[in-house]
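Below are two complexes that have chain A in common, paired first with chain B and then with chain C.
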Partner chain A sequence: MIKINNLNFGYSKHKPLFKNMSMQLSNGHIYGLLGKNGAGKSSLLKNLAGLVYAQSGTLEVMGFNPAKRQPALLEQICFIPEEFYLPSVKIDAYVRANAPFYKNFDHQYFGNLLKEFDIPVSQKLINMSYGQKKKVIIAFGLATQAKLIIMDEPTNGLDIPSKAQFRKIMASAMTEDRCIIISTHQVRDLDNLIDTVIMLDENDVALKASVQEITEKLTFKKVKEIDDSIIYAEPSLSGYNAVMPNYHHEESKLDMELLFNAILAEKVKFKPLFN
Partner chain B sequence: MNNTFNMNRFGLLLRRQWLDFGKIYLISLAVVLGIIVGFYGYNIPSPLKNNNFDYDGNLDMRFRYPLLLMLGFIFISIVASSYFNILGQKSRAILELMTPASVLEKFLVGVFYTGIISLFSYLLIFYIADLGFSKYLNSELAMFGNSSPKGGSIKEVETISFQIFHDENYRSYCSYFFAIPFLITSIFLLGSIYFNRFHFIKTALSVMVFTGMASYVVFKVSEQLTKNMTSINHTLESNEKENVLLILLAVTSLLTLIFWLITYVRLKEKEV
Partner chain C sequence: MEFRDNKAIYLQIVEYVCEHILLGKWKADEKVPSVREMAVALEVNPNTVMRTYELLQNKNIINNKRGIGFFVAENAIEGVKSYRKVQFMDDELPVVFRNIYLLNIGFDELKTKYETFVKENFNA
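This part shows the complex of A and B:
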């Protein structure tokens, strides 16, 4: 679905954000895009949506060049930005004006999502809270039936029950022909949702691996003492939270926060494991 | 699917833009109507005033022309300079650029609202106000006495549109200036996408600086070309005048097209 080849991008020529980045993303996956502040998560998403232009390299989304902003591609992309704008109208007026651009827009599904998110439909969008507005655009985006769903910090501003609802809705929205990319700092919000982790660091992809591959190759454990087998550890109340190679095919739950810190701190040690 | 232009998408986009643009636009039109009514109310001839007649002995309605031109300039330039200013705000720019319509459609909708709707709605509003006040004055002509200062009875007030459309010379003369309002909107539309903030002021300032520099260059070049030459009196023939006006029409039309083309390219290259 997405092919990135030798992508070079930066907001100034002297400070590149991506250097020769290459990656392929396919449909049927929910990708979690992680990275430090300024690593380029939002910029990568904007490149995919055609909101910024690469300095060199090629980017292909569903066979289109996103920089051309062709309607045929735009109607297949649902982009939920971190900062968004909604006009001062009621939901039905917003839908009447925007939904016709998406030929597969599912009005019934949209209504169901609004109900599930508990959105007051008679209220003007401008009078809603940030979290409510976010839920409206998530519901609208999903109802467009777009094949590529790009979300930048979607859980920011959502309350605790809404985060659970969000995970549930996103899991149910996943189909074989869809590709969902979620960028976030709130890694715990994506627990059990994403199936592939993409981590950006130092102008490139530091890690791209499925959750299954990660837990096959690494094990996440609580240990009392640190030994040589441990690649990375963080002190905790009862000892250490550690990441180590999974030599004995043990089953463990991926601790994304720990993995994130581990990759950033010990990139060289992880590289051979994930090629 | 046609990715360049589709009439259905264009129609949808017109409707969608109205959602954002419409309310504030109608309010601006109401303000413009208020200003026109205020100006007319203050300036139209009245039995309470001493001097109600112009040089020809007609009721003095000359204030209408500068009002039509000045207010029109301000209104269409403000509307045009505010159209693409949303692209200067990250959150709104994302929404606009991600709307499934082509760049050409988005550009044409911009031209439609700023170049056509704003201009013609302004002219319509002005026409209605002018017609209303002209009719009112004509129904109350007796208040101004029985005869005009030049003798004879007082002539009825003509609306501006009547004066333009019923005088062939005037109509033909005005037609040479047809492209100027479009030129103004094209400049300010470009300014609205070129600058991220203070679009109107920055565009107006740029136009002033550019016009000033261009005038200076033309003046200096003419001065150099006519150095050590003697001036002779030469009055323009009728066809020469027409040629000058034709050149004016051609240049203003060409500049309008150029500014629209640059705006289209800027819209195409717009990044968030």
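This part shows the complex of A and C:
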């Protein structure tokens, strides 16, 4: 689905954001894109959608170079940005203007999603709350039936019931022929949806591994005391939340926040485990 | 369903299915929810549910009828019991043993407690 080879990218020549980044993504997965503020999550997503251009290296999305912005590719990409602008029209006018760009647009599915998200269809988009607008563009994006779904912080602004609906909708949207990439800081909103973690740090991919691979190699658990086997630990009420090599084939639950902090703090110790 | 934070999600879903079978909510030869239905209901990745169903197939708890879906196996209850027994012996019993040892609890005392418990809860 996506092949990135030796990608170099930055907004100015002196400050590179990605240095020789390479990575491949395939369909049938929900990728969780993690990274500190400014690590380049949104920029990577924009590269994939053809909204910014590489300085060198190659990007291939479904066989296309996204920088060329060919309609045959763009109609297969659904991009939900974190910041967006919606015009002062009602939903039906918005759909009349935008749906024709996507030849597989499913009007019935769009209607169902709006109902599920409880969107007031007679209201002008511009008068809706941020969360309502966000739900409209998520519904529109999914209704395009695009094969590549890119979402930048989709749960930002969603209220509590909407987050649960969002998870249900994404679980059903994940099909074998689709690739879904979600960048997020709200890992607890999404951690059971993500099957592969991509973490960006220091101009490159710090980790790309499936949840299964991570939990085969690492154990996440509460311990009373810290010993040498522990790679990284954070104090908690009843002791420590710790990450350690999985010596005894334990099947623990991945703690994504703990993993994130662990990799930032102990990058060198994790490198040999995931190569 | 509430997920706990100490065990892999796919194994928690295994327990969820086993519980339904033991309680008789899902009976032998009945269809179980599809991978997608289950993923939507539990708000998890369909690949996670697939992993659950693969394990349940290996333990002869459910069968995959090609093109139709997954069904509760004929001898599912035995399958569930032998799977759960291994889990109990390997995971839960060591914790209980540790406390029995640390607190100096005698086996006679445990036996009386156990028999009262069975009588009160299961009328056996």
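What to note about this one:
Keep this in mind: the second predicted complex is superposed on the first by the 275 of 275 C-alpha atoms of A that agree within 3 Å, B and C clash if a C-alpha of one lies under 4 Å from a C-alpha of the other, contacts with A are read in each partner's own complex, and residues count from 1 in each chain.
The criterion applied here is as follows: a contact is a pair of C-beta atoms (placed from the backbone, for glycine too) under 8 Å apart; a residue touches a chain by one contact, two chains touch by 3 or more.
Since this is a predicted model, take the numbers as computed values, not measurements.
The superposed arrangement places chain B and chain C next to each other on chain A without a clash. Legend: residue contacts after superposition of the two complexes on their common chain; A:Asp195 is shown touching chain C, with no touch to chain B.
Of the two partner chains, chain B is the only one touched by A:Pro87; chain C is not. Touch criterion met: A:His29 reaches chain C, while chain B stays clear of it.
Legend: residue contacts after superposition of the two complexes on their common chain; A:Ala164 is shown touching chain C, with no touch to chain B. Between the C-alpha centres of chain B and chain C, as viewed from that of chain A, the superposed structures give an angle of 150°, to the nearest 10. After overlaying the two complexes on the shared chain, residue contacts for A:Tyr247 are found with neither chain B nor chain C.
Chain A is touched at more residues by one of its partners, and among chain B and chain C that partner is B. Here's the short version: in the overlay, chain B gets within 28 Å of chain C at its closest Cα pair. Put simply, chain A uses no single residue to touch chain B in one complex and chain C in the other.
Partner chain C is touched in their complex by these residues of chain A: 28-30, 164, 167-168, 171-172, 174, 192-195, 211-212, 215, 221-222, 251-255. Across the complex, chain A is touched by residues 1, 3, 6, 9, 12, 15-16, 19-20, 23, 89-95, 97-103, 268-269, 271-272 of chain B.
The touching residues of chain C, when paired with chain A in their complex, are 3-9, 11-12, 36, 39-48, 51. Contacts from chain A toward chain B in the complex involve residues 46, 49-53, 68-72, 74-75, 77, 79, 81, 83-85, 87-89, 93-94, 97-98, 100-102.
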